[in-house]
Amino acid sequence: MADRRFFTLAGALPLSRIAEATGSVLSDPSQGGLAMTDVAPLETAEKTHLGFLDNKKYIDVFRATKAGACFVRVELASHAPAGTVCLTNKNPYKAYAIAAAMFYPPERPETRVAPSAVVDASAKIGADCVIEEGAVIGANVKIGDRCRIQAHAVIRQGVEIGSDCDIGPHVTVSHALIGDKVRLHHGVCIGRQGFGFAIDPAGFVAVPQLGRVIIGPDVEIGANTTVDRGAGPDTVIGQGTRIDNLVQIAHNVKIGKYCVIVAQVGISGSTQVGDYAMLGGQAGLAGHIKIGAGAKVAAQSGLMRDVPDGAEVMGSPAVPIRQSMKQTAVLAKLATRKKGEEA
Amino acid sequence: MADRRFFTLAGALPLSRIAEATGSVLSDPSQGGLAMTDVAPLETAEKTHLGFLDNKKYIDVFRATKAGACFVRVELASHAPAGTVCLTNKNPYKAYAIAAAMFYPPERPETRVAPSAVVDASAKIGADCVIEEGAVIGANVKIGDRCRIQAHAVIRQGVEIGSDCDIGPHVTVSHALIGDKVRLHHGVCIGRQGFGFAIDPAGFVAVPQLGRVIIGPDVEIGANTTVDRGAGPDTVIGQGTRIDNLVQIAHNVKIGKYCVIVAQVGISGSTQVGDYAMLGGQAGLAGHIKIGAGAKVAAQSGLMRDVPDGAEVMGSPAVPIRQSMKQTAVLAKLATRKKGEEA
Amino acid sequence: MADRRFFTLAGALPLSRIAEATGSVLSDPSQGGLAMTDVAPLETAEKTHLGFLDNKKYIDVFRATKAGACFVRVELASHAPAGTVCLTNKNPYKAYAIAAAMFYPPERPETRVAPSAVVDASAKIGADCVIEEGAVIGANVKIGDRCRIQAHAVIRQGVEIGSDCDIGPHVTVSHALIGDKVRLHHGVCIGRQGFGFAIDPAGFVAVPQLGRVIIGPDVEIGANTTVDRGAGPDTVIGQGTRIDNLVQIAHNVKIGKYCVIVAQVGISGSTQVGDYAMLGGQAGLAGHIKIGAGAKVAAQSGLMRDVPDGAEVMGSPAVPIRQSMKQTAVLAKLATRKKGEEA
């Protein structure tokens, strides 16, 4: 069970209700009344616990589990031990996610404005918001309903934030329009002026950065990630995109819908990332290039050119993944030759 | 036009005044009285807008623009469409930067000390400063004139900051002496004790870090970047240097004047970077090495050795850029051979 | 001497006391009464200063030093100049660390709770703690004795922190149990929900992250580093481990004791790092792999597979260091062939 100091377990739930909520089918319909009390990993699950099997690699763990019930794909259900009721589902991990949220429903903090928060008189705050200690909300800011503005977050003049957003502690947002259901984690910086200056023998001359950051609905941005505002055009992050910790997104970058951007990725100015693209950790993208929709970029890759839709690339400089693997193999082979052999 | 929620447009300006301020020459001197109302990209510019052409690649956009006037190099001015007055200049991007700042002059926030700021009685704060909400300013701190200390910034005991500085929200500065016109963005950490410890079978023994961070005038440091203080010698960042977001600068590092350090670069302890050097994003520099003046390091490069003045290097481990490209090409060729071909 | 604005020098100390405290042997026992006033680098040290020689490379500096005394390994002591008393020690750098801390003892800030700190009535704070400006301490938090909670740090509900900890400015800690003597630097984020979601055609479904972060005693974590909480299992950092700035540690990662993790390393979910392992700067570790105890991973390496105990690896993808060097050499050779030569 999750640590009660941090998580609150809701009451028991009958399998029938879990099956319904997750769109799963009970392998034994007569067990619909069986009460589950918690979710748990298959290894440690007990009789009233609900687990999931997503990765075939763990089939032996599944065979030995003591879990009372388990989400599983229909073709693997026959491996279930005698005591485990199967909830068959095409996407057991998603079903588990939904069920886990039923046992541990997100807690809504009580509506309040902390006495130490400073909210400008011209700001418009929606219903049922939480404004925590030290939050600073500037002139003409608009915030929707049911938002949480966590401790010490700074929302600068004119920023607009939708409903059901969670703005983490120590976040700064400026020059930005943010959709509904957006989550910004600790320390995120949105809307800083980008890294733009004219180079001149007498020094650098800052170029006023006159664009904004536009963040679509249901975007999540990890801790200490930085998103610079546009130089003239906007920096844009599309609906549903997930961005991990410590990512850098430079000015004028356009990111599509439902992309996945893993930790420590860096995206240089004016680059475009298509819908559903996935960027592995620490990948670096040069400026002014275009990553196609659905493209997959391996971790640590370095991209200096466009990538077509659906392509999978790897390496620095990045090449198609199959070629990258061949290059790795051929280099390893060359390096292991004995002296005297022809290179 | 830039979003009025975030930017304030100054009034119209005659071309003659823009030409004078930027050191440009009007292609048609009789048009000096023509009033411009805004800057804009050439694609979307209208009759009273001012654009710029810096990159020859965009010459067709220039030919088709509706901008009333445009900064351009003299040799390209003949491509201007009939309705566009040229302001010829050797550095059109710099001229644009100056003009854009005339239309959108930096706004000076009103002088004030927020009631929630905590300023030690022994601190000396110059004239016309802004000290925002929650800022904490320690004993014996000295801050020059016209500085902005943004929300929740923490300035520790003894730190000295010049005039016209902008210390961003959630910044911490300790053990540092900072010149005039320095900008530190959101979340920057200056002066943390470096990563120094003696390794011992019984654990690690911290080595007291007795140096400082010295930051020259007109330095800019991006969001969430970290600069550790020296171990004995100081960590030094030279005049005018521009550092992007999420960069790591370890103890005792010396960075020269007017360097450009792109996002997510990491510089290990005691390394020296010469004046005017440029380090591409995510480059990593080993400790105790010397990067020559004017050197250019490509993105994601890994440097384990000294780099001569003016050299251009690439790759991990880094080699001269031409060699790096050859290596990439030869490896690609080897990997595409058919089986049976001689390697 | 260290800058008096930032550091406070304790009084003079006789060599005998320094020798005793550091477990060193005086080359000339009659000099035990000689008073040292400070530590200093050998180059700049004066008569009453104490230096150290750790790296043979600096033997000539040692020969020419004016330091009154110097920590040195016994086999190098004969190179000391006439005026320098040797304190011989197997680990001169460690001895220096101890001595430097005698001259510059860590200053304990005065016990206090800042008026702007917000401490929940149910939180239990130990004796002699410092709670600085704007710190926010949630319900049921437990904090041991002699802790410093720096400005604006946010400690969420239920978190437990041992004694003698230093929680830096702008830190957020949630869902975590933290041992004694732990130091978290500026901007660290502990306990964020990990990057976990089920992929579904209709978007992403967040998977509740029900684990914690467990941090052993004497761990140090650098500025702006992020450590996500477990998804079900915990994220664990073992005793004594040192983590540098801007590191990313994903959910379920287990890090052993006394590891060294240099700046900007990224460790993906569920990966395990054995005791005493060392990860060079910007190295990236894929998820679900195992790095053996005592392994050494070179800077910028990319790890996709397990690494055996004690192995040294390099490159992306990483291979044994010797092989990596051969690969680098063979590739350089191939690239420098003239046209017409056999490849």
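To keep things simple, chains are lettered A, B and C as they appear, and every chain counts its residues starting from 1.
As a working rule, contacts are C-beta pairs under 8 Å (C-beta built on N, C-alpha and C of every residue); 3 or more make two chains touch, one makes a residue touch a chain.
Note that the structure is a prediction, hence the values are computed from the model and not measured.
With steps allowed only between chains in touch, the distance from subunit A over to subunit C comes to 1. Two copies of one chain, subunit A and subunit B, touch each other, and the residues they use overlap weakly: the shared fraction of interface numbers falls below half. Centroid to centroid, with C-alpha atoms defining each point, subunit A and subunit B lie 29 Å apart.
Looking at subunit A, residues 116, 134, 152, 170, 187, 224, 246, 264, 282, 316, 331, 334, 342-343 sit in touch with two or more other chains. Note for the complex: subunit B touches subunit C at residues 116, 118, 134, 136, 140, 152, 154, 157-158, 160, 170, 172, 174-175, 187, 189, 192, 195, 197-200, 203-208, 210-212, 224, 226, 228, 232-233, 246, 248, 250, 264, 266, 268, 282, 284, 286, 302, 316-317, 319, 323, 326-327, 329-331, 333-334, 342-343. Chain contact summary for the complex, subunit B toward subunit A: residues 2-3, 5-7, 39-41, 91, 93-94, 96-98, 100-101, 104, 114, 116, 132-134, 150-152, 168-170, 185-187, 218, 222-224, 240, 242, 244-246, 258, 262-264, 281-282, 299-300, 316, 328, 331-332, 334-336, 342-343.
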